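There are two complexes below, and they share chain A, which is joined by chain B in the first and by chain C in the second.
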Partner chain A sequence: MNKQLFLLPKSTQVLILTVLSVNLLPLLSTLSLWFLAICAIVVLWQWAIFKQLVGAPRAWMKALIALCGCVLLIAFGKSLGLLAGMIHLLCLSFILKPLELRRRADFYQFVVLSFLVTTTAFIFEQSIYFAMLVGAILLLNIMLLLSYFYRESRLQPLATYSTKLLLQSMPIAIALFVLFPKISPFWQVPQAKSSQTGLSDSLTIGDLSKLALSNELAFRVEFEGTTPSYQQLYWRAMVLEKFDGKTWQRKRARIDDVINYAQVPANRHNISTSAEKLVRYQIIQETSFKPWLLVLDLGQPDRDNPLKDVIVLNDYSLVLKDGVNKPVAYKLASDLNARLNLYESNVDLRFNTSIDASSNPRLYEYGQTLKENFKGQSELIAQVLQTIRRQNYRYTLEPPPIPDHSLDSFFFDTKAGFCEHYASSFTYLMRAAGIPARVVLGYMGGSYNSQGQYFRVLQREAHAWVEVWFDQRGWVRVDPTAAVDPSRVSQGFSSQLLQEQTALASFSFSQWMSGQMFDQLRYYVDMLDYQWTKAVINYSSLAQFNLLTSWFGQQFKLMATLSIFVTLLVVVFLYFAVKWLQSVKTRESNPHVKYYELMLKGLAKKGIYKTNEETDAEFIRKLKEIDTNIAMHVALVIRCFNKAFYQHMKVSKQDIIKMRQAVRQINKTP
Partner chain B sequence: MFKSIVQRFKTKFNAFIDRRMPTTGIHKLSHKNIFIFPTWFGFAFLSFAVLLFVLGTNYQNNLIILVSFFIVGLFTVVMLHSYSNLAGLEIRSNGTLTGFVAEPIDVSIALYNTEKRRSFVFTLKQPVSSKTVIDIVADKAKLSVTLPRRGVFTIERLQLLSEFPLGIFRTWTYLKFPITFIVYPEPKPCKVAQIQHTLIDEEGDTEPNDKRVKGDDFYELAQYQLGEPLSQVAWKQVAKGQAWQVKRYANHVKPNHNVLKLYDMPGNNIENKLSHLCFLVLEYHQAQIPFGLDLAEQIIDSNIGEQHLTTCLEALARWGSDCEARNE
Partner chain C sequence: MQQVTEKIIEQIEQVVIGKHQQVKLALACILAKGHLLIEDLPGMGKTTLAHVLASTLGLSYQRVQFTSDLLPADVIGVSIFNQNEHSFTFHQGPLFNQVVLADEINRASPKTQSALLEAMEEHRVSVDGQTYSLPDPFFVIATQNPMFHAGTYPLPESQLDRFMMKISLGFPDRVAERKILQNDSNNAMFERISACIDTDTLKSMQQQSSQVFVSDSLLDYVIALCEKSRLGELQVNPLSPRAGKAIVAAAKSWAFIHQRDHVQPDDVKSVFSAVCEHRLLGSRHVGAVDYQHAGLSSKILEQVVSHDPFN
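So, the complex of A and B:
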């Protein structure tokens, strides 16, 4: 065999270049800058080769580029992490593959690589817009594969045909998606490295005011039945109890320790309230790469719809074992009036009064004074809140700089700060006065989307508040922010705060969208994304179970498997049935064609063929030499056929009967 | 052992094909005569879907799982498209085609119902494989066949193959058309002058009263060797002062005027002789000289014209085939 040069059609070459430049778009945020630079160079180079500006690459050039990429990958591999490293490697082979298209198999490999690269982008993001982008790129990939077989240089028919293929395969894909059993992971896989968004695990002054600049979505909530009032929407994420003079931290630093030592056994976290008093709601939380879930006090996973791997901690917060690495949906039930005194012991409480007196001496001294002056705990707290309310404390996103994050200088000198300043100082003060207190981190409030009937909670609504221990009532929430800016806890950001936020935040698309003109549109768009997240991204085995149970009743297990096969079979069967019906229809309406074909078939069995060049008369003459009887019948059939076929005359019943008899006679004659 | 099983299977399969798709001049493609099977890339594509499913399941990522199901869906849909690309196509071809050995013979194939855009390839494995790509817009296809042997052949099953639209499925069919190839021997030039010379020479020389010669055909002039009968010496040549030569005779029918004899042809191989004869036939036809053929088994009277040429060439192509048939 001589080696033939493998040549791709021109449309395929153009599509390869397009796919090369477009496929990496969804992965832009994952790929490092230096890698994107390499990609850009390689794509430009291939474009130049296509335009014949430069010659075909030599082997050593290809090897050099591949080697450079690999060396860089090894050098940066550690910082990238396992998953991103593998994605980089995949993308590298993807962009270099077109330089090595020597056989048809190479082309196939490239197409499969291209599909894989596009699909892996879903590991990092899953919003509906992103899915649309990936869908469009998949369409482009189908076009690429099709162009090799279509022998069509224009792109438009290619696009039409590919879209047809895509749309036709969607019903099967959706049917499989809904019906195919959801399986738990086969083995552990490297997770995406966190790109820090949202709440961090500790609180230093300045953290939340930074986060308050972000208009990104944190989570959405849909209430079943009654919606609590705005003041009750304190979304608890985590509790911070350890203070080193500057930063509030968790009692246990490692999440594994938290799960091991603070977990409440499943049989104990039952709220003893009657079901009517419970507030039921579903939270759909965006990716945070942190284990913390959000819950209204006092909440627990809904008993009817438990999410796997949700752990209840004895500080009343909820944790997802593997972290929120993709949007998760979970249903909760809360008793808003329940007392938070279920699990505490004296040892724990003593921990909540320990502070370093030397870190903020003035505040400590003030606390000691308060302790002496007030016998009642509630009077003491009221006095402090009164102080905050009466004196000229300000609630602001841009407080004057405080040296060394000192709580002293905030509380006594600058008197201007965000919620973390107040929560932090207040807790310190309580502890100084000998009252067990701790900081709770989470979100406060949310904006209502009336179209979709759910709350959106943005990152800027991150909040810190205080919990104080009362011997009879347990942990009681005290929010010093409510004292300085009551509107924050009743309506959300005040207009002054929003102005500050707009001024401080850098330009963002969502900010721009939030202008009056786009409000309506924004609501719809957000609702669409909400439904997508709820129905598609979070379609779990539980959701599947519920859906199938509602369709088929309890015996669905057998039904599910059956219906998959039935759906597939029906699709295939319908196709052939339609084809068959069509052919029958044409035959029924054209009986002359049917008998004419039958006659030719009968003659063919005898080894007689009618060639195209022969006229009917010649054919019959030829037949006469063989068998006059057959020739007679054939002549009859041909005459009837011609009458109907060429003169467009309706075939009479007698003619059909005659034709049928003639064909039968031909078949009988040996 | 294994080979014989394969052989038996092949025979059975061919018999099945023959029964299912008998030879006819018009083939309409439908589920009765279309075969379909995934290509290796098709299987790879399907396993890619499985890979994505595993990836999606491990990441508990519904969208990746959705893409993997989409690929399964695409696989199914493409199967139907692949089939309908060929289904409904009507292919017609028949006739008797002539040509010389080792020269391409064009088989023209007419296609009907090509309004749907299609892409396919015709392949014929007889005996040297030939291939042609069908232009999707044209309704005619041309297939070049090169045959290495002289004779009369019926066409093998023609394979029509398509991997449209995504190369995932291969659809194909084997069609047998009532086409006959008549392959003439390859014309091999020989020294016309020499043969003509001997022919003319022999005619002028042979006297009707020469009893020894009568009934025997003059074959060649050979060097005289001592002891040979003097009556066979070619005196004419001797008289001219040339070297002593003897006339050799073969036991052949006496030739007519311009009758080309197969056994007069040079060469020790019958195929070579036929090739030379073929060349001469073409030469005579070219020169508009009437000629006849003596093929021992068959004698064609002297004549002229295209029809005569065809008859003669066909006789050359068929030469020996009757004999073989009789032997069998």
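So, the complex of A and C:
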């Protein structure tokens, strides 16, 4: 066996180990624990190999490890889902690749893999801080690549040089980002199966109080012109009409059905046309993996800036066809005083009074009594709200356990709950009293960022309320939460509620940041992230088109830019092609130079470089230590070359033949 | 003739142990008719090398210890009134030898230094309107202490340029040092040294080494090296055409020592540091001798591809 020819510089080896451990950091939340354990073991093992505590692995060992990893992946594949499964596979190949760096091509593959693994994390998160973290890790990767060519063993100059390179390439990257035609992807990122927080498509008691513990961002809103008062900020997401005794669900469970049967025809987008009464705003919604968009009632997409594939359902909730799989921005216009659905068919209304009397008998009975006692619908509702206000109902994130999610025991016994308790009990009660009612799921309120002049709405502001049918008035919003905790709908979380939240939620950085101390800082930080999301993440092909039109005027055509780009590329290509042809020509006329250069190239492929400073004799001595056979052939080529180049200035046929053979031998040697 | 060079090197190395490269460089310098500057700490064998070199080559040899009160007349010679003849007769100074060892040249005052260096360039001295030719061949081997040593006057660039090469000996490795410690005293060894060649042979060797073939592609390489130093990127003193000539001459005699009839880039690379480091540094050179890094000259070598110098 030959000695291993391909030897990476020490700094490169150190960087490989660093990159191995650091590149997976952004993916920590995606990778499963058992996989991380494997990674740790493999990295430690490679460290041991690097420290020469153990020898390099045999081929069968490597095959065994790869096989084990694949078997584990197949075993866990189902539970991981397609996307996570693929990412696991990618990471597995990434951490195992350094075990078989035998040629330069292997090293290249590893670097490419390494870049790919790092950027994969952007599927799951795109915030500016995350981008900065990934940027820093990318810098390490660039250092890794450079360390191989730069032949600099100290890390600091490497880091400086890499940063310099990165900064120098920034303008090009920005120009490409802004100008290069944005082509929609040919494939869709498979949905992550992970536990995203956010509204789900159904509501069971306890759902929202769990969600209320999350300080994650749900969406941000920027109002144009007047900002509505806090009490009016009811962000509707979806309407739940079907109740099975425990859980509220949509009437049509499948989203396709909704899109096909429940759309509002365009001509019935019946909101008042007087522009001054409209509230205009832009929402930038974080990834929710659900189709629901948010809208103040009664709203519709802004006609001037339509978002593709938005559907208005006949309960006036908005749906994005493919789901919010990445942050989206959309502009809406709402008339806060307009009435929802003045006309509703009897069939639909009957559906909204149907309940199972046996599921919560006491509440049902109470509803029946109310129905008998009160003639007017509004008096009845006022009475119920009065009851909630007067009696000792509590609004809390930490309600006492309710057996079997029974509304009965909440309403009559424990009397303590979060908004969903009140909303679903209230709806049930209304229906029991024969009044059509439904639960609406969405968000309530938001905190104003005066630096950026926008609202940010967190997941904890998720809210459930009720809509009750009045003849002549349509669906009217009634929020029982307002009766039990008026401050919730006028200011947001009360201090007592916040305390509960902090106590219940596990510690997280975002929560720590949300403490009072950091308010000012938090506003700035959030504004930065907002601008990033607005400008970078949401830079769609439409936004690009608008921007370019504003720069180049209306005549701007996408095809024109494309052709300019292509022309530029062709020119650059031609320039290099001509240069290459010239070099080939000179090489052909000087065969000894050609073979000498071929020899250097062949050696470079094996990771052996002749520095300019090195004399031939030193170089051959170095080669002898690696492989005497190669050294012999190299010595022959160098001797012939020197003879031709420095002694006679012309070259004999025999020498050329000798050189050719030697170069072939060098390339053949592994 | 080749056996002669080998024999010379072998003999010198019996005394100057473990310094193969430096011995060869010193010999190359002399074959190229250049003056040699040896810079190192005291006690590293500078004087020994100069001494052995002179005696092996069979040249007349005189050592001048430079001190701060040394006057030009102490080096060149002085005219003294002869009472018998009622005239001034010129008494030759130590300069009138084939090899002059100017020991610790940087301890002398600039005036004395320049008197010596003028003689080096012109190969003759003028005293009282009379011109005296110096012997042929004529070499100055100067030694100097690193600049940070107290009581030294650094040589200015123009005078450094007169020396074809500057070499440092550096510490010996363990094997060599053991041998040095085992050996007799220097004096005993010097006595054993006999001349390998006579002056005529040396002259013919110089003649031959100057006739070593230099191809255009090699000249291109030397030009490219000089140009690199002139670009200002490396912040070095630019190399003058005289430096370029010195490189070629030194490379020629290096090739001659290695028994080749033509010069290869290897030869240039081998002598480049010795020929150019002191020119590149100039008088900015302050501090200890750096044995590890050849420094500026290797930076220039690094940037030029020998077989394709202008790319």
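Definition applied: the second predicted complex is superposed on the first by the 542 of 670 C-alpha atoms of A that agree within 3 Å, B and C clash if a C-alpha of one lies under 4 Å from a C-alpha of the other, contacts with A are read in each partner's own complex, and residues count from 1 in each chain.
Going forward, a residue touches a chain if its C-beta (ideal position, glycine included) is under 8 Å from a C-beta of that chain, and two chains touch if they have at least 3 such contacts.
All figures in this text were calculated on a predicted structure; none of them were measured in a lab.
Peer 1: Once the structures are superposed on A, label A:F180 by its partner contacts, choosing first (chain B), second (chain C), both or neither.
Peer 2: The answer is first: A:F180 touches chain B but not chain C.
Peer 1: Which partner does A:Y150 contact after superposing on A: first (chain B), second (chain C), both, neither?
Peer 2: first
Peer 1: Look at the residues of chain A and decide whether chain B or chain C touches more of them.
Peer 2: Tallying touched residues of chain A, the top partner is B.
Peer 1: Is A:F641 contacted by the first partner chain B, the second partner chain C, both or neither?
Peer 2: A:F641 sits against chain C, while chain B stays out of touch.
Peer 1: For A:T119, select first, second, both or neither according to whether it touches chain B, chain C, the two together, or no partner.
Peer 2: So A:T119 only meets chain B here.
Peer 1: Touch check for A:L165: first (chain B), second (chain C), both, or neither?
Peer 2: A:L165: touches chain B, not chain C.
Peer 1: Tell me which partner A:F552 touches in the superposition: chain B (first), chain C (second), both or neither.
Peer 2: A:F552 sits against neither chain B nor chain C.
Peer 1: With the two complexes superposed on chain A, say which partner A:Y523 touches: chain B (first), chain C (second), both, or neither.
Peer 2: In the superposed model, A:Y523 contacts neither chain B nor chain C.
Peer 1: Considering only touches as defined above, state whether A:T611 meets chain B (first), chain C (second), both or neither.
Peer 2: A:T611 sits against chain B and chain C alike.
Peer 1: A:F289 contacts which: chain B (first), chain C (second), both, neither?
Peer 2: neither
Peer 1: Please write out, lowest number first, the residues of chain A touched by both chain B and chain C across the two complexes.
Peer 2: Touching chain B and chain C on chain A: residues 611-613.
Peer 1: For the complex, which residues does chain A have touching chain C?
Peer 2: 593, 596, 611-617, 641-642, 645-647, 649
Peer 1: Hey, which residues of chain A end up touching chain B in the complex?
Peer 2: Counting only chain A, the residues touching chain B are 105, 108, 112, 115-116, 119-120, 122-123, 126, 131, 134, 138, 142, 145-146, 148-152, 157, 161, 165-166, 168-174, 176-177, 180, 183-189, 326, 536-539, 568, 571-572, 575-576, 579, 583, 600-601, 604-605, 609-613.
Peer 1: Show which residues of chain B lie in contact with chain A when the two form their complex.
Peer 2: Going through chain B, the ones touching chain A are 22-26, 30-31, 41, 44-45, 48, 52, 54-67, 69-74, 76-78, 80-81, 84, 87, 92, 94-95, 110, 117, 119, 136, 163-167, 178.
Peer 1: Which part of chain C faces chain A closely enough to touch in the complex?
Peer 2: Touching chain A: residues 213, 215-218, 261-266, 269-270, 298, 301-308 of chain C.
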